[in-house]
Amino acid sequence: MNSQYTAKDFKNEQQIKWCPGCGDFAVLNCLHKAMSEIGVAPADTAVISGIGCSSRLPYYMGTYGFHTIHGRGSAIATGVKVANPALSVWQITGDGDCLAIGGNHFIHAVRRNIDINIVLLNNKIYGLTKGQYSPTTERGYVTKSSPYGTIEDPFNPAELAFGARANFFARTIDVDLPSTTECMIAAAAHKGTAVIEVLQNCVIFTDGIHKYYSDKENRADRTIYLRQGEKMIFGKESNKGLVLQGLDLKAVTIGEDGYTIDDILTHDATLHDPTLHCKLAAMEGPELPLALGIIRNVEGINYDQAVVDQIHRVQANTQIKTFADLMMSGNVWEVK
Amino acid sequence: MNEQVKVKELDSVVIRFSGDSGDGMQLVGNIFSNLAAILGNEISTFPDYPAEMRAPQGSLAGVSGFQVHLGASKVLTPGDKADVLVAMNPAALKVNKNFLKPQCVVIIDEDSFTENDLKKALFQTNDPFQELDLKNVQVISVPITSMTKAGLESYGLDNKSAVRCKNMFALGLICWLFNRPIDSVTPFLKKKFSKKETIMQANIKALTDGYNFGANTHATVTTYHIETNEHPKKGFYTDINGNTATAYGLIAAAEKSGLPLFLGSYPITPATDILHELAKRKDLGVKTVQCEDEISGICTAIGASFAGNLAATSTSGPGLALKGEAIGLAVMAEIPLVIVDVQRGGPSTGLPTKTEQSDLMQALYGRNGESPVVVIAATTPTNCFDAAYWSSKLAVEHMTPVILLTDGFIANGSSTWRIPDLNVYPSITPPFVPDSIKDIWKPYLRNEDTKVRYWAVPGREGFEHRIGGLEKDYTTGVISTDPLNHQIMTDTRQEKIDKIADFIPELKVEGSVDSDILVVGWGGTYGHLSSAVNSMNASGKKIAHVHFEFINPLPKNTHEVLSQYKKIIVCELNLGQFAGYLRMKYPEIRIDQYNKVQGQPFMVSELIDRFTKLMEEK
Amino acid sequence: MNSQYTAKDFKNEQQIKWCPGCGDFAVLNCLHKAMSEIGVAPADTAVISGIGCSSRLPYYMGTYGFHTIHGRGSAIATGVKVANPALSVWQITGDGDCLAIGGNHFIHAVRRNIDINIVLLNNKIYGLTKGQYSPTTERGYVTKSSPYGTIEDPFNPAELAFGARANFFARTIDVDLPSTTECMIAAAAHKGTAVIEVLQNCVIFTDGIHKYYSDKENRADRTIYLRQGEKMIFGKESNKGLVLQGLDLKAVTIGEDGYTIDDILTHDATLHDPTLHCKLAAMEGPELPLALGIIRNVEGINYDQAVVDQIHRVQANTQIKTFADLMMSGNVWEVK
Amino acid sequence: MNEQVKVKELDSVVIRFSGDSGDGMQLVGNIFSNLAAILGNEISTFPDYPAEMRAPQGSLAGVSGFQVHLGASKVLTPGDKADVLVAMNPAALKVNKNFLKPQCVVIIDEDSFTENDLKKALFQTNDPFQELDLKNVQVISVPITSMTKAGLESYGLDNKSAVRCKNMFALGLICWLFNRPIDSVTPFLKKKFSKKETIMQANIKALTDGYNFGANTHATVTTYHIETNEHPKKGFYTDINGNTATAYGLIAAAEKSGLPLFLGSYPITPATDILHELAKRKDLGVKTVQCEDEISGICTAIGASFAGNLAATSTSGPGLALKGEAIGLAVMAEIPLVIVDVQRGGPSTGLPTKTEQSDLMQALYGRNGESPVVVIAATTPTNCFDAAYWSSKLAVEHMTPVILLTDGFIANGSSTWRIPDLNVYPSITPPFVPDSIKDIWKPYLRNEDTKVRYWAVPGREGFEHRIGGLEKDYTTGVISTDPLNHQIMTDTRQEKIDKIADFIPELKVEGSVDSDILVVGWGGTYGHLSSAVNSMNASGKKIAHVHFEFINPLPKNTHEVLSQYKKIIVCELNLGQFAGYLRMKYPEIRIDQYNKVQGQPFMVSELIDRFTKLMEEK
């Protein structure tokens, strides 16, 4: 893009207070970079967050920012966007902030399809409060609040988002900066709620939790980066691919068992029916690669625009232009 | 009873329309009060719905009432008891038995007083009047249903539609009783039924039949003549309830301040009509988001405020409880926000359709930490307009959340309202950062006189900044955990609110200012307290009245006013919250209390009794 | 079943206060009937609700009941069940109570798989507060709070539940009493969170909203009642069926276009993969019939049982049996 | 400085361990205080974490401290200022500069005072002591890091692991300074590193090296000898912080009442440790549900209470705000519930890791409607046990929600605790409906003495019933909108709480009971107020002290006590909430205030100053 901005325009001088090595740093850098490419002025950008380590991010932005209260980021961002649709509105949130206390606002923002971009930093833990399990923590995981292991299954953020009828969902890993940046740029281009889940490493409480997928060495074999219109191919040698068998996705090796490149699925993030997106988002190792990239990207009516449209429609057909007009439009009599 | 036609000349009269939920009593009540207002009466009305759930037809729980008080001069309440009751069925009679004046007129629909109907209303005998021990009443028993049907035979209506017109027959009767020309009614019906010509005609016919029945009948009763107000202030008038007035106040403030209006809300009785009213106002560009819950209601509003709108959220008590945490955020972020709480009977779900003043302490203190906000209480249905306007003004100009307390009684009650001229309302000036101080500006830079921070709205270049709920450094606005700074910020937030006392009107004592006794009220009890005080003064019992619209901060002359009276009685519809608050602020002032927690407004008569007793006490 | 109870044992004498003709009556009757067949004693049954017309239901039960606050039924029912797993716990809720203010508790109860039965009366409106749109109201619908029509798409409760990883989901129509009763009985038998969506008619505010599907005349053609292990057949003449084409469901007529009964899908509510259940639940007219009956019914670990199991496991391996034991187990010294 | 070894005999001493978050200061602080306690000292400790977020290594924001106050007899606070500071880096020195006594000893790790380290702590020069104007201190500068490493060469540890042992070297030094035998330390290390033999040995080695360094060094300083308490009460002792004591109090109450314990909670600083502690107690059958939010936290607890458990929920201020609506439900449903609020700095997110007493008003009034609850405030870390026990007892026996207020200071602070014998604690008897009244029982049938309704727990045949948040009929318990009934129920709910005054201990005045001046406090300020008062009385300045643990209802003799003093000063860590509450209740009593809102506890010295001034005022 031809943006007049550089990443520096989106930074500020605040001392950053995450633990050295925290995955949040990478996400912050990506956001600076992405915004510089998106080309909306810092003054026209608002970054909203709740509470959590991840939610501190707005302090490190050179834009307008609001570090609000725990879990309410989606609702507050909704208000910002509806009040002033000209702003580019971002919500930064964590797995606790977004999916525990903030779950309801999240699913309703997604359902309404407000044009905000939600960056969900998923470290599968409550970092800020020093290590309790979150709604994305795997069953059995031992944390300060689950000394004998948790006894609940986690949400898959993508599944929940699709259950709430999400039109845009992307997934990336903190260590993969170019992809994260790319997904952020795409999210900004999408009109409606865009959710980007970033698998983020917490060096203190869940160090290595995403290692199985994020390790440089195995990443190519254990993840697949989906690209619009391209074959679903992965693997160190780009020789593995995904095929559909009945309703099941299967990973195959091209050239083995009679599979050719033509058998491999082509990614279409714009399919209206979310079934395949949902299946892709649900893939897990070791049988299947973890899906990364933009899994779904569908156009829909976005709420903030619909508000504006409805106002225009009504205003085109009314005599009531001012408070005084309104007053005289009712059941009024005059005393002379 | 039933002697001959006498025309009573009255100063004011209270009429209560009562029937089953399906009987259309709200409609006739509304029409009649409008009519009266147009003809130059002052009015005050109050609808008395059954609880939210629909109840079986004819049952006590299903009774729906509408009371209107009309008079020649200022009418302050919908009235304690009725001069005239229209009871469309036995349940309506029973429910209202304690609200009838001696010698009042009761009009009943004979056709609905069959044994079966009486049973539904849990009567044991066939003489409801005797059973209720109603002796001194003038009963006009009219076969309203059958006469309505008979009159409409030629209209080709099905039975149900014809019967539905019986409320108009009743209205016709009332018009006769009060010397009201029925042609003034027809415009209302034409508007209401504009798309159903036959139904409109049928309604007009039933109305006329009712009127004529009254005029022709030999069963004569007192009829009434109410003076009309000869010299009302010139201008345009309408009749308005408190919720609509609140919505209009916000709209007016938005227009005056030049800010777009935003409401984030979640439906809850009895506040929902504010959302309904504002949702209609797309014509004026009002944005309403019906949210997934109350927390989202206030949080979307906080977001909208951050983005530069005049932002409001509306709710009732349980919803306010849910908003507490977010109000704290608005306190800390120092952004404008209007939070309307239409109080209802509590605690918990309590009595959702009833009125109460029991959210005062919650409004003042229902949040963690030292988090002062402005609290304003509207006093009457029409005052809701001014109170909402003032709430917006203070919120915007002082960068603070304001909680506006109204209540179920004034929210649903209505009165005549002279349409305001916005030009005479005080201006509302958002404290936008002037470009001139761009160099020294920091997000929490304050006007040192008012302690108000400057507002830099997103979209403005060069003022990008971050705010949040953590404590901030007084000078730079960045996060600070410094102990002394926290003290200074805490004191400053308090001082900012305290200083608002310089910007609000002082108290004005009404009644006999120089008496020994001062009646103190706040919010929606104004009408009743004022009526009681006026009536006592009229009968020579000197008594003064002061009413609080501004609760936090209190008006500057509060102490001065209170300290001038020997006896002070604080009257409120709770267990004494405002009394406690005053004691906290002015422990040296001795205060008596009069409290009532019954889901009902005061009765003027009980107030007069209490005040008279207080006078007599040594 | 061989229950010692009759419906009467689950009723009480309270005067019922719904509007005459309200669909809630039918659901109440079904619940009385279902409970009498389930055979748990009224004293061992707890019916929990939030606020709404539908949420008044506990008052009309002869069991223990708690009419709580708006939206919190799932959380309160969770507490009841975890505190005393021996109770049969039911939550009665409406589309507003459950999916607006109560959305977060709902999805988390479903995720945790607490063994409660949630009866969701969906009338697509806020009945009690006299007619505002709800999260299930169709776009464009005019209500008191949307005088120019709503501008949001609704949730499909099934999709949201599946997004939260529901193991049991059934859908019925208020007027179909036997099916509703049957689904309630199955829900009770299921260990874990069971959601039953009842399409309920509000005679006052959304009268006829479900008519397209519920009308006696067309019901057979416009809905399909799914039964475990049976072919997915519907239609007045039972000659229509569902087939899968790629990832799409299609309604066909048996004997036409070469389709035979063998082509028709067989319903298996116990499939672990929710894909097909999700597709079935998402079907809409006019192309496809609305799915009724038990759409998904899968076994999983339920939370309340897991709590008990974990306690037993820990207790089997500890010397700490009393408060006094606990006190002496730490860093203790004696002063003599 | 640095003359020769002197042994100082002291009554009490304050030691502060301070370093970077990663330096293990909490661990050595803990071990040292345990050690002291075991050797017969009274202790009071307070960890002073940085804000929740980790800050860059070596930065001011990253400093983590642990203060311990040990003494021969009752030690009431962790102490205002330190006699000895261990500063592992320049940042630690800077942060603590205002908390040092004159002539105190400062031990620094020479290796961490390089130019680079000084820069990280924003020093301008190379002489930090001069720059901070610290003159009257005795500095022991020891190359702790390098000596630790040198001592561990033979252990085959990587550099990081070896350096990590430096905290033990420092501990060894301190043991020497305080004449503490280091063999008492080894059991702690054995336990802590039981699974890592080499690490354990390395730690012991570093400890010994530190001790020996002290003993052998020629850089002599004052060393200390603290008397040990000769006659402590016999029994078993441990050392406990307030959050753990709170958890234990609930466990004890559950055992005594025979009810299973249930906690529904959502993590929040500084309350989370209560959840952590109870989550561990599966052995005792405790059920904890970590909920999706605070509302679910309290709602699951309400469900558990309905189902017959002893139910609790734990949170801090912002979480309490979210629970307001549900507390109202518990009030209306009249079920037992303990709500623990560990207060922190507010408003909004405020100062999450700091202490404050600013949730009092919220606890009393943060809900819609007239909804009285019991409010109790714990006074010290160990008193949290009793306060939690009492909260449970009143909740269960009086069928009411109880809000237990603790605060960040006592929650994280710890002291020596004599392990209680449950047999001497009062019994807890749930008011289960007796079978004998089955025939007349209704869900809201009350014990007319206490106004407590009987409890019928699901599962019990013949008592099936429905409750809820709507107003109920006094006699039958079914929904009622009757006005008078609402008044009666409102009054009854209030009366039920008021009557609890009959069941709680009366106030006991401490200090010089017969002086003119009364210091009034509540909750977690007990230690500081008491220390100040004791010290003044010891120096002949007569002053009395009364401390409130029961806030609502107030103890029965409150008015009597207050009215005996000429001057009353209410001291609290807020802007005067309890003072206001007392004025509301007893307007005739004149009250002064001393307030501090700095996220910090009082300092004993500032209290003494203030009280002395008050004495001198006419």
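As written, the chains take the letters A, B, C and D, and residue 1 is the first residue of each chain.
The rule we apply is simple: contacts are C-beta pairs under 8 Å (C-beta built on N, C-alpha and C of every residue); 3 or more make two chains touch, one makes a residue touch a chain.
Note that this is a predicted model, so its numbers are computed, not measured.
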item: Chain pair with the higher count of C-beta pairs in contact (B-C, A-B); value: A-B
item: Maximum centroid distance from chain A, chain identifier (CA atoms); value: B
item: Chain A and chain C, separation of their C-alpha mean positions in angstrom; value: 29
item: Centroid distance [mean C-alpha coordinates] between chain B and chain A, Å; value: 45
item: Inter-centroid spacing, chain D versus chain B (mean Cα positions, whole Å); value: 46
item: Mean-CA-position distance for chain C and chain B (Å); value: 40
item: Residues within chain B bordering two or more other chains; value: 282, 292-293, 318, 325, 328-329, 333, 348-349, 468-470
item: For chain C, residues contacting two or more additional chains; value: 51, 69, 100-101, 103-104, 108, 135, 148, 307, 310, 313-314
item: Pairwise touch network: line, ring, star, complete, or other; value: complete
item: Contacting residues of chain D [partner chain B, same complex]; value: 51, 316-318, 320-322, 324-325, 328-329, 331-333, 343, 345-354, 356, 358-359, 361-362, 364-371, 468-471, 481, 483-484, 486-487, 490-491, 493-494, 574-575, 580-581, 583-584, 587-591, 596-600
item: Chain A residues touching chain C - in the complex, by the definition given at the top; value: 100-101, 103-104, 107-108, 111-113, 135, 139, 148-149, 151-156, 159-165, 244, 246-248, 273, 275-276, 278-279, 300-301, 303, 306-307, 309-310, 313-314
item: List of chain C residues in touch with chain B within their complex; value: 15, 17-20, 51, 53, 56, 69-71, 100-101, 103, 126, 128-130, 132-133, 135, 144-148, 204
item: Of chain D, residues touching chain A in the complex; value: 52-57, 59, 61, 266-269, 272, 275-276, 279-280, 282, 288, 290, 292-294, 318, 348-349
item: Chain B partner contacts - residues on chain A that touch it in the complex; value: 14, 41-44, 46, 48, 51, 58-59, 61-69, 72, 75-84, 86-87, 104-105, 108, 307, 310-311, 313-315, 318, 320-324, 326-328, 330-336
